[in-house]
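Going by the order they are written in, the chains are A, B, C and D; count residues from 1 in each one.
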Amino acid sequence: MSGEMTTSRLEAFSDGVIAIVVTIMVLELHAPSQPTWVALAKVAPQMCSYALSFLVVAIMWVNHHHLIHAVHKVTAGLLWSNLYLLFWMSLVPFVTDYLGKNPHEPLAVALYGLDLTLCSSAFIVLRMVLIRQDRHDPAMAEYHASVQRKNLLSAALYLLSAPLAYFSVYASFFVFVLIPAKYFLPEKRLGGD
Amino acid sequence: MSGEMTTSRLEAFSDGVIAIVVTIMVLELHAPSQPTWVALAKVAPQMCSYALSFLVVAIMWVNHHHLIHAVHKVTAGLLWSNLYLLFWMSLVPFVTDYLGKNPHEPLAVALYGLDLTLCSSAFIVLRMVLIRQDRHDPAMAEYHASVQRKNLLSAALYLLSAPLAYFSVYASFFVFVLIPAKYFLPEKRLGGD
Amino acid sequence: MSGEMTTSRLEAFSDGVIAIVVTIMVLELHAPSQPTWVALAKVAPQMCSYALSFLVVAIMWVNHHHLIHAVHKVTAGLLWSNLYLLFWMSLVPFVTDYLGKNPHEPLAVALYGLDLTLCSSAFIVLRMVLIRQDRHDPAMAEYHASVQRKNLLSAALYLLSAPLAYFSVYASFFVFVLIPAKYFLPEKRLGGD
Amino acid sequence: MSGEMTTSRLEAFSDGVIAIVVTIMVLELHAPSQPTWVALAKVAPQMCSYALSFLVVAIMWVNHHHLIHAVHKVTAGLLWSNLYLLFWMSLVPFVTDYLGKNPHEPLAVALYGLDLTLCSSAFIVLRMVLIRQDRHDPAMAEYHASVQRKNLLSAALYLLSAPLAYFSVYASFFVFVLIPAKYFLPEKRLGGD
């Protein structure tokens, strides 16, 4: 009776939220009032945390697209898992700003890692919905399982980055840069001329 | 002569506004300048009010999707009722911020309840347009009537939460959490594998 | 060779900008830090100017939809006229905020009227493109001419509201409320059950 | 296995980001608290830099549309080049704000020129992807080559504007106005009644 949601609708709404998340982060970059290199250098950590988050959110957008593309049917479970993902993604501007303002503080670094852990957990939950949906299709089941292993690794690394920050924030930064790099490469398979 | 609006156009515009509403609320969450748990704890009420509003707006989005899906024809009445809904939804970031900054103040709690009452009233008006449209279809009429009863209950509870805040803000919070929970469950019927 | 733009693409981009314009205005409504009716009353003028602008922009959105619907071909003239419209619409949040903060100052009222005059001028230019396009279709030409008369009247009234503010801001407010009311009624023809 | 992205999806996401970029810039225009012409005059440089950026981003949007329209297949290279473009475009509000606050400072002018250089470089990279894609189609190859020459010229001029600002900011402003004007004219070919 009540109309079922199509994947394109779900995708359009998610895209809207992700496009806004990625763009409003720039509003936290306040142009320094003094036009000097010194004043500009103070914005550098915020600029770096913005660039990192832009990359992370862009990768999530690409992954989200591939994920939704494999969906047959928008179930309630999928809908709410997707909103769970969007919630944690919507907090990325907050943790990015906090990190940019306190790049050497373990708490800010840990919170950043924690929010990305929660985003990753949402991808795991979403993939679980797909695994259940395709449980009678061996080829797809195999594909989902391989993606899920990558998701679990990312989530584990992000989770590790949080306590790691209390030993060395640079170790956490290494994790933050490593995970996008790891995701970047396999995406190469997507195309080629 | 003047082109009739399709439901997909109405939906696209509404989705745009709702996606922005849900995402800009995070801009009100200002990262504390001091990287301590104490400073972070001060942001906690704002974080909670943000999470609540995210859930409430997400539910409205799902309900709005089902509602628009049942529309045959975009009449002027529907168009303006929809803009009436979007207006009150667009104030959610404002009342959320006010609540987050003054979580123990009856006025802030009552205003939050009032805005959600007005959002609910818009859903009632929109459903009335659908009831009129489907008045010759007994099955749909029955379906609309059952949804409308839920809408009326939500509106009544939200309206109650406003004066309740002057006795106990916690009673109002209970209402704010109860209504999403109530809507959450029936949505389960949407899918299932 | 270079792909021609479809009206749906033009519409999607315009809708995106208009949805953002209408929603970001609420970010200028800063929740008062003190939870008292007195503090809240100070936000009242900003709330009123926000509500007025929401209505004005919503009407522009509806009119824009009807206008684009009548377009056969996206010419360069249409594309740039549309960007000219979006530019002045994008300034609505600025003049709304200025008006909300200085509701009794002729300058703020005049600037608000001026920006709406420029928005109206964009609708006149856009309609001129359509009039040229349909110059061999008598029925459409008649329709365009009747809409254009309404556009010219709105633009003239908005233009009048600017100097009027220096005599009485209330006279300008009357114009600001009158024009939406005038547009609201004919839209009734759009539907009906 | 993993779903290939269609150009319409890429376009929708890009449009979302570009629409937000163009609109949030207006949030940096803070309405002066004093309702005087003198106070308003102080906002004038910011208003001018906003108008310039609106025009620049609008032209990029039109060019981006034509570019994506010529794409046959969304390859990984195209996807990441597009995100590279969106990243530099997302910084336009930041450099615009900085320029608007320091219109006479070489550093702010140079940074503005630099960001537009990087945006132009993204268009060059995107066009290179298209040139490779259409390398067996002489007519398209010719077309791409002619667009690429224009892109290279724009990038070179923007790059020149950065050091130029240390001699005269007005020379850089001349470049900033010249390039949109240059792009504006050829677009005329797009339509005509």
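As a working rule, a contact is a pair of C-beta atoms (placed from the backbone, for glycine too) under 8 Å apart; a residue touches a chain by one contact, two chains touch by 3 or more.
Because the structure is a prediction, the values reported are computed rather than measured.
When every chain is reduced to the mean of its CA atoms, the largest separation from subunit D belongs to B.
Both copies, subunit A and subunit B, contribute mostly unmatched positions to the interface they share, with under half of the numbers common to the two.
The distance from the centre of subunit B to the centre of subunit D, with each centre set as the mean of the Cα atoms, comes to 37 Å. Averaged C-alpha coordinates put the centre of subunit C at 26 Å from the centre of subunit D.
Along subunit D, residues 12, 16, 20, 24, 27 each make contact with two or more other chains. In summary, the structure contains touching chain pairs A-B, A-D, B-C, C-D. Note for the complex: subunit D touches subunit C at residues 11-12, 15-16, 18-20, 22-24, 26-27, 29-33, 35-37, 40, 51, 54, 58, 61-62, 65-66, 69-70, 139-140, 143, 184, 187-193.
Against subunit A, the residues of subunit D that register as touching in their complex are 1-5, 9, 12-13, 16-17, 20-21, 24, 27, 73-80, 83, 86-87, 90-91, 93-95, 97-98, 101-102, 105, 107-108, 111, 132-133.
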